[in-house]
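Pasting the structures here.
Presented sequentially are two complexes of chain A, the first with chain B as partner and the second with chain C.
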Partner chain A sequence: MTDITSAETAVSITVDGKKVTAKPGELLIDACERNGTYIPRFCHHSRMQPVGMCRMCLVEIDTGRGPALQPSCMIECSNEMVVDTQSKKTIKAQEGVLEFLLINHPLDCPICDKGGECPLQDQTMAFGPGESRFIEEKRTYRKPIPVNENVFLDRERCVLCDRCTRFADQVAGDSLIHFIDRGNKTQVNTYPDQPFSSYFSGNTVQICPVGALTAAPFRFKARPWDLTEVESTSTFDSVGNRISVQESRDRVLRFTGVDSDSVNWGWLTDKERFIFEAYSNENRLSGPLTTNEVAEGSQKHAVATSWSEAYEKFVKAINETTPERIAVIGGSRLTNEAQYIWSKIAKGIIGTDNVDAQLDDGFSPEVLLSLNPSTIDKTCKPGGVIILLGADPKEELGALYLRLRHAILQDQCKLIELTPTKTGLSQLATHSIRVPPGKTLEAVKALSGEPSELEDDILKELTKVQKIIKNNDSISVLLGRTSLAETSSIVEEGAIKLQEYLPKASFLPLLRRGNINGAIDMGLSPGLLPGRCDLEEGSDKLQNYWPTCPTHKGFKTKEMFEAATDGQIDVLILLAADPIMDFPDSQLVQEALDRIETVIAVDIFATDSVLQADIVLAAATATEIEGSFTNLEGRISPIRKSVTPPGTARPDWMIALDLVQYLVPNLGPSTFKELCEEISLVSGIHKDFDFSKVEQIDKEGVVLNRGKNKTQTSLIKIPKQKANSFRLVVTRSMYDKGVLSAHSSALKGLAPGSRIKANPKDMEKLGITSDSTVRLIGLKGEIQTRLTPDPETTRGTIHALWNQDGPDIRKLIDSSLPVNDLKIEKI
Partner chain B sequence: MSYLKGFLVTFRQIFQKRVTTPYPSQKRAKPERLHGRHVLGRYEDGMEKCIGCELCAGVCPANCIYVRGADNPIENPVSPGERYGFVYEINYLRCIHCDLCVEACPTGAITESKMFEFSFTNRNDAIYTREELLVDSESGKPKQLPWEDWREGEDLNTSGWLRATSPNGDASYEGQIAWSGDLGYGIRKAEIGQSDTETLEEEQ
Partner chain C sequence: MAFFNEENEEIAKEIVGRYPVARSALIPLLHLAQEQEGWITKPAMEQIAELTDTTSVEVLGTGTFYEMFKFHPVGKYLIKVCTNISCQLLGADELFEHVKTALDVEEGSTTEDGLFTFEEAECVAACTEAPCFTVNYRYFHRATPELFDEVVVDLKAGESPLSKGCADDQGVMPKHGTLSRVRQQIPKTRSAGIKHPEEIKGPPSWIEEVV
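Right after this comes the complex of A and B.
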C-alpha cells in the first residue's frame, strides 16, 4: 500500500464540486470514501480485486467527454475527473439498482441474522426508492443449505455480489464455491458433494453484504443490536489478529475480524473465529481445586477448595523444597502482565531458573534473540524474497498465510521453500524444494556455496535459488519447526548459517502458541530475565524489585522432564500448559509426572495434565481479562475484557499478585497499575511503553524495538539414516485434538484424523498396499496402522499429523534423539 | 332548618343516574383500544406466530421484553419458518403498556388484551414467560392465571383488529383485511374506519 504520495504524482479530482486529492491508481470509490463521500456498494471490498458486479456504485463521471454513469469501483482516478454522486441520473440509477436487487430478495429480515447490520437494509433505507413496483412472486430456493460444517447458505437472499466467491478464489485460494447456472437462476453454490472446506470460510460470512451466508455458531443466538462489542486481540495464535469480541447477556457470541493494515486485514481463520465457544463451555474450571488426602494406595480425587486454602497449599509446597527442585512450564496463554508477574514469582521470589514457556515445540530463545527481527509488512514487502525454512503457515498461522499468499500473488514476492513436506504455499512457490528431514543446515550450506551432502537434483534447484537471492536485497526468512519429531537445533543451525550468509535478511519466527513472544520478552525462558536480557545483565536492574535472582541457567522443558524422571524435581507449576497432550514425547512426560511430588496447575479446563495436578487454580480467559498481547513481530496490542469469568475463576495476574503476597508479604506490586509501572521500570525493551494505557492503542498496535543479541550454538550431529529405515516427520494441522477445539462444538469434528503417509514407491518396494496393516517401530515404542500412499511425501520418510485421533504417533517419538528413524514391518 | 338545606343536595342526587360502579364485583366497559396484558397468538393451525425476531424487545422503551430465538425443530416446528421464539419474557413491573411492541411485530404475534387487573406478591411472578403469554393451544384463548381478573370479552379485540388501519393512515386501506387468522377466532373483522361514518352511525 502506497502512502498519500507527493504533489507531483497525486491526482486531483472534483467530487460534488469539491476538489480532492487521490492517489495514483486509486479506485474512485475508495478516493471518495477517504474524502468523506460515501458511495453505496455491495460487491466492492477494499481487500479484494474489483469486479463491478452489483452496479450499486454507479455515479456520473466526466473525464472530459461529458458525464456518463460508470461504476466507481472499477474506475481509477484520473486527473481533472469530475464526479457527481448526487445528480438526478445517479440517484435514479442507484434507486433502480436497489429496486432490482430487492425483486428476488426475500423480506425475511426479522428472522435473518444479518438484519440490523445488513448493508442491503441500510443502503435501501439511505439510497432506495422507498417502494417496490414488483408484485409478482419471488424466486425461491430451499432455505439454508450447509456449505460446510459452520456456514449456511441461503440462496434466496443472495444478491450475487461475488464477494464470497472472490474471497474463496483470490484470498483463501480454496475456490470451492462458485456461481452456477445462468440468468435468473444464477446462484452461488459448492460443487456437488464437495463442501466448502476452507480454513477461512468464516470470513465469507463476515463480508457477505446480505444474510446469504450465516455462521452456524451465531445462528439465531442474538440480534446485532443486542451485542456489545469491544476490540481485542485474538490470543489463539501468535499472529495476534485484531478481533471484535461481541457479547450479549454476559456471554460471548461472536468474534469478527477487525481490518488492521499491519496484521490481519480483517481476516480470521475459522478456528480463531469460532474458538469463543470453548470459553463459555460449561466444563470450564470455576474455582480452585485440591486433592484430598486419602489412604495410601487409593485413587486421589479433586475437591473444591477456597482460594486462600489453595494459596496456602501452594506456599507450603514451595517452602518444603529448594528452588532448584521447582520447575515452571507454560505461560503462553497469559497476558504480558501476567507473564511478568509469574516470571517474578518463579525467578525473583522462588529463585528457580527452571522456567520454560515452550513445550519443546519452538526454538531456543538465544537463537531467536540473535536473528534480525522482522515484521509481517517487512516480510510481505512487494518484490521481496521469502524463504520458508519450516512449518506450514496455512496449518499453523492462518492469517499470516493469507498475507503471504497476497504478497506472492499480487505483490510479486518470490517464495523459496526449504521444507521436508509440501505446504499450503508450495503451489505458489517459485522454488519448492523438499529438503530431507534433518538436512536443513546442508541446504543452507549449499545455498551459500559451501559443499554439502545433498542429492544432485536438490543442489541444482538450489543454484537457481542462489541467483534469485543474489539479485534481491529484501530477503525475509520464515522460521518454523519443520517437524515435531526432530530437535529444534536442526532449523536453528540452518537459520544461524543463513544469517551469516545473508546478514541483511530478517527473520520472522513462526512460534505458534498464543503469546509465546510475550513470554520470552517477560523472561519465561531458561536463562532470560524480563526485557530479553540474560541472567548477569539483568540482575542489576532487578535488584530493587526482585528479592532474589537465579545465577545459573536452568532447564528447558525437555531437560526438566528428564530431571524429574531422575527425581530431581519436587514441584511442577503448569501455567496453562498441557504437556501430556502437547509435549512430543508423551511417555517421558508421564514418567516425570508420576515422580513429581506436587503438581500445581493454573488453567481454564481440566486437561489431562490438570487432572494429575494436586492444586488447581482456575483462571480467567482472554475474553474475561484486561491486558496486552505481544505477537510474533513484537507488536503489542490490547486484550479487552468483555464478560465475567465463571464462578470464582480469576485473571492470571490477580492469582499471581495474590501469590506474591502469600510468599513475601508487602512485596510489590499490589495493584494492576503498580504492576504495569514495574514492567516499564525493569524491562529495557518496555521502558517506553505504558501498560496501563494499553487500551488506548489503536488497531495497528505498537511494535517493540527489541534489538538482538549475539549467540553461539554448538553443532549437533545428525545420525545418518540407515538403509530401509524411514525418518519420521510430524507436522501440525489446523484442526487437532487441542483442548480449546475439543470444547468448541463448531470445531470439534473438524480434525482430519491421523493420516500416516508414505511415498507409494517406498510402499511398493516393501510390498505394502493401503489396505495392509503395518507395524511402525521407533526406539521407544511401536504402533500398528495403515499407510496412506502419497506421492508428495519424500522418499524414505513417513509423514504424520500431530495430535489427531487414531494411533498415537507420540509413542514413536524419543525426544532425546535429534531425529527419529522408524522401521516398518508388515504384519 | 339550615341543615335541611344541606340535605337538599343529597336528595337531588338520589334520583339521578349513578356514576360509580361497585368495583371489582362489577366493571365498567373498557375502551376498545385499551392496552392490557399481552398475549402471544397462534395461527389457526396451532403454530405460534412469534418468530423470535426481537423487534418488540428492540423497540420497547421500558426494556421489559427479553426474547431469544432458536432454530425451529425440523420434525416438529413451533412456528412457520426457520426461527421461533425460544425464550419470551415480559416483566410487568416495567411494562408501561405503550403498545409499541404490537406495532413492531412483523407477524402480529404479540397483541394486547383488555385485561389489566393483575397483581403479584413476588417479583418473579411479574415476569411472564412464554408459556403464560401464549394462548391456549386448543381454544386459542388467553391463559387465565390465578391472580388475574378476566371478564367477558376482554380477550376479543386483539390481533388483526388492532392493525385495521394502514400505518400511514391511508384511508384507501380502510377495512381491508391483510392479516392472518387466529386460533379459535378465525380471521378477525376489520375495525371500523375513521372516515367510514355510515357504519359508525349504524353501530351506534
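Right after this comes the complex of A and C.
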C-alpha cells in the first residue's frame, strides 16, 4: 500500500462541486468520507486491501476524460479529480446494484440477527430503488451451517463482498474460508471437515455487512436497538483492546471491537470477544464467604456471610500477625484505581512489601524499567526490524499478533525470531532462529559480536541478522517468556545485553496478564511504590498519605510460597489470583497454602485457590466497574460500567476503600474522586493524569511517560545440559483450562489438550514411538505420557503446552531451578 | 495419504519448481490430478494444498471456479451437447433428447458402466456448424442422432471416433482429464528461471538482447 503519511503534497479533488483535499494515494471513498460525503459500500473495509467486489460504491468520476462510473473504493485520488456522488447516473447505478444484490437475498430481516444494524438494510433504505421487480423464486441454501464452533453462516444472505474471506486470508492468515463455485452458485464455505479454526474468526461476524455470519453467543439474544453500548477496554490481556460492551436488561450480550488506530484496529481475538459469557455466568461469586467456624479443623466449608463480618475477619487476621508475615499476590485483573488502593493497603497501611502481581510468569519490573519503552506503533514502524526474544504473540496476545503480521506483510518490517520454539509468526520471519532453551543471552552475545557458545549453524544465521540490524535504525524488541519452565532471568539478561549493544532499540514487554502494567505502575510489586519508584525514593512523597511504608524489599511470588512452606507467612491475600492453576510450580503452592493460617481471596469465581480461602470477598468484573486500564505500552484507557454485579459483589476499589476504613478509620481516600486525586498526587508518572476524567479519553488512550531507570542484575548460571537429558520448554496456547474460558460456553471446548512433543530423531534414538508410554522425570516429580513426534521441536528438548487437560506438566517444574531438565524412561 | 502416483508426484514437484511462488502451480496441479483420476478427489486437493503451500479450501475454491474441473466422478468420456440458440434452432433439443434415451442417463449424470457422462453445454463457439456436441472436448459438427450413435458405437468398441469429428483427427480419444496427448516440456535453456518477482530489478532479459 502507498504510505500516505510520508508524502507531502496533498491533492485537491472536487466532490459534488465542493473542493476538498485528499492525501496522496488515499482511496476516493475514504477521502469523501473524511470530508463528509458518505458513499455506500459493502466490500470496502479500511483495514483491508480493496477488491472492488460489490460495485455499490460506483460514482461518476471525471479525471479529465469526461465523467465515467467507477468504483470509488478502487480509485486513488488524483489532482483535479471531479466526483459526482449525486448524479443521475450514479444514483441509477447504485439503485441497480442494490436491486441486483437483493435478487437472491432473502427478506428475512424480521428474524435476522443483523436487522437493525445491517448495512444492507440501511443502504437499501438510503440508496435503494424502493421497489423490486423480481418476481421469480429466490435461490435457497440450507439455513445456517456452522463454519466453526462459534460462527454460523447463512449463505442465502451473503452478498459475496469478500470481507470475511479477505480477513481470513490477509489479516488473520487462516485461509480456511473461501469462495467456492462460480456465478449464481458462488458461496462462502469451508473445506469439508476442515472448520474455520481461527483464533480470530469472530471478527468476520463483526465485519460481515449482512446477517450471513453470526456468532453463537449472540444469535437470537437481542435486537440491536434494544442494546445499550458503552465503549470500554478489554481487560483480558495486556494489549488493552478497545471494545464496545453491549448490554440489554442488565446482561452483557456482546463485545465488539472498536477501531483504534494505535491499538487493535477493531480486531479482537475470539477469546476476548466471547469471554463476556463468563462474566454473566451464574456461578459467579455473588457475596462474601467465610469458612464455617463449626467445621474448623475438619474440611473447610464456605458459608455466606455479611460484608461487615468479612471485613472484621480480614482486619482480625491482619492484626493477629506482623506485616512481614503477610503476603499479597495478584492484582493484574484490577483497574488502576483498585490497584493503587490495594497497594496502599498492603504497603502503606499493613506495611508489608511482600506484594507481587506477577505469578512468576513475567519479568522483574526493575529490568523492564531499565529498557527503552516502546509502543505498538513504534514496534510496527514501516521498514523497521522486530526482534522477538520470546513468547508467541499469536498464542498470548492475539491482537498484537495481527498488528505484527500486518507490519511484516504490508509495511516491510523484518522479523527476527530468537526463540526456542516455533511461533505463529515463524513463517513470516526473515530469520527464525531456534535458540536452545536457556541460551538467549548467548544468542544476543553472538549478535553483538562477542564470543558465544552456540553451535555453528546458529552463529552463521546470526551473522546474517547482524547485517540487517546494522542497516536499520528502527529496531524494536518484543520481550516475552520463552518458557514457563525456566527462570525469567534468561530472557532478562538477553534483553539487558541487547539494550547495551543497541542503545537506540526500544522494548515492548509481552507481559500478558490483563492490567499487569498498571499493577507495576501502582506498586503491586516487591520493592516498588506507586509511580514505579523504589522504596527509598517514594516514601517521602507518600508520607502525608500513607501511615507507613516498608523499608525492605519484600518477596516475589515464588519467594513468598517458599517462605510460606517454612512457616513464615500467616496471611495470604489473593487479588484475583489463582496460583494453584497459574503458578508454574503447583506443588510448592499447595504446600504453602496448607501451612498458611488465613487465606483471603478477592475474586469473581470460586477458583481452585479460592476454594481454599478462609475469607472470600466477591468482586465485580470489568463490565461492572468504572476505572482505567494500562496496557503493555503504558497506554491508559477507560474501563466503563455496563451492568451491575451479581448479588452484593462489589468493585475491587470499593472493597479496598471499605477495608481502609476498617483498618484505619478516617484515613482517606473515602470516595472514588478522592482516590483518583490521591493517585495523581503521589505517583510521579501519573501526576499530569486526571483519573476522575478518564471516561473522557478517546479511543486512542493516553500513553504515559514512565521514564527509565538503571538496573543491575547478577548473571545467573545456567547449568550445562547433561547428555541424554531433555530440557523442558513450556509455552502457553490461546486456549487453556483458565477459569474464565471454562465459564464461557463459546470457549469451553477449545483447549487443544496436552500434546507433549519431542523431536522424532530423539525419539528414534531412544527407541520410542508415538504409541509408547514413557516416564518423564523431573527433579521434583514425574509423569507418564506419550510423546508426539514433531520435527519443529528442537533436539534435546521436550515441548509442552501450559494448563491443558492430560498429564500435569507442572509436576515436572521445580521453580527453584533456572531450567528444568528431564530424563525420559521407556515403560 | 498421498494422492499422486509416483510418476505424477515427480511431475508435480517439477511443476511447482517452475514458479517463484509455489501457489502459482495450483491450477497446473489440478489438471494433473484430473488427468490421473478423471476428476478431482479430496485427497488430491489436500495434497495439492500441501505442495503449493495453500489450504485445501483455497484449492477447492480456485478449482470450482473453473467449469472444466470436475469435483465428482466423471465417466471415461464426457459428452456435452450444446443447447444454445444457434444449435437449438438447428435441432439441439432433439439431439439432447436422443442422447438421454440412447445412453439412458439424465443430464449431469454418468452411465452405469462408468463410460459416459452427459452434460448440457452453453455455446461452444461453433455456431456456424450447429448443432454441436463434444466428447472430451473434441468437437462433432452438424450433429445428427445418427452421428451420435456412430460415435457411441466406436467408443464402446474401444475405437476412436475422432475421424468423424471436425478436426479430421486420426488419433485415439484420450480418457477424460487428459490435458494433451503430448506432455509439455520446458527445456532448461528456455526456462524463465524462478526469480521471485520482488527480486527482479532490471528490465526483462530479452529487452537487453534487442538493445
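Assume the second predicted complex is superposed on the first by the 815 of 827 C-alpha atoms of A that agree within 3 Å, B and C clash if a C-alpha of one lies under 4 Å from a C-alpha of the other, contacts with A are read in each partner's own complex, and residues count from 1 in each chain.
Simple rule for what comes next: a contact is a pair of C-beta atoms (placed from the backbone, for glycine too) under 8 Å apart; a residue touches a chain by one contact, two chains touch by 3 or more.
All values reported here derive from a predicted model rather than from experimental measurement.
Participant: Should A:I111 be classified as contacting the first partner (chain B), the second (chain C), both, or neither?
Facilitator: Only chain B; A:I111 stays clear of chain C.
Participant: Look at A:A222 in the shared chain and tell me whether it touches chain B only, chain C only, both, or neither; answer first, second, both or neither.
Facilitator: A:A222: touches chain B, not chain C.
Participant: Looking at the overlay, what does A:K143 touch: chain B (first), chain C (second), both, or neither?
Facilitator: First partner only, chain B.
Participant: Tell me which partner A:S175 touches in the superposition: chain B (first), chain C (second), both or neither.
Facilitator: After superposing on A, A:S175 lies in contact with chain C but is clear of chain B.
Participant: Once the structures are superposed on A, label A:N189 by its partner contacts, choosing first (chain B), second (chain C), both or neither.
Facilitator: second
Participant: State which residues of chain A lie in both footprints, the one left by chain B and the one left by chain C.
Facilitator: Shared contact residues on chain A: none.
Participant: Tell me, which parts of chain B touch chain A in their complex?
Facilitator: 51-55, 58, 68-71, 81-83, 86, 106-107
Participant: Okay, in this complex, where on chain A does chain C touch?
Facilitator: 175-182, 189-192, 194
Participant: List the residues on chain A that touch chain B in their complex, please.
Facilitator: Interface residues on the chain A side: 108, 110-111, 115, 143-144, 219-223, 225-226.
Participant: Would you tell me which residues of chain C are touching chain A in their complex?
Facilitator: 42, 45, 54-58, 60-61, 64-67
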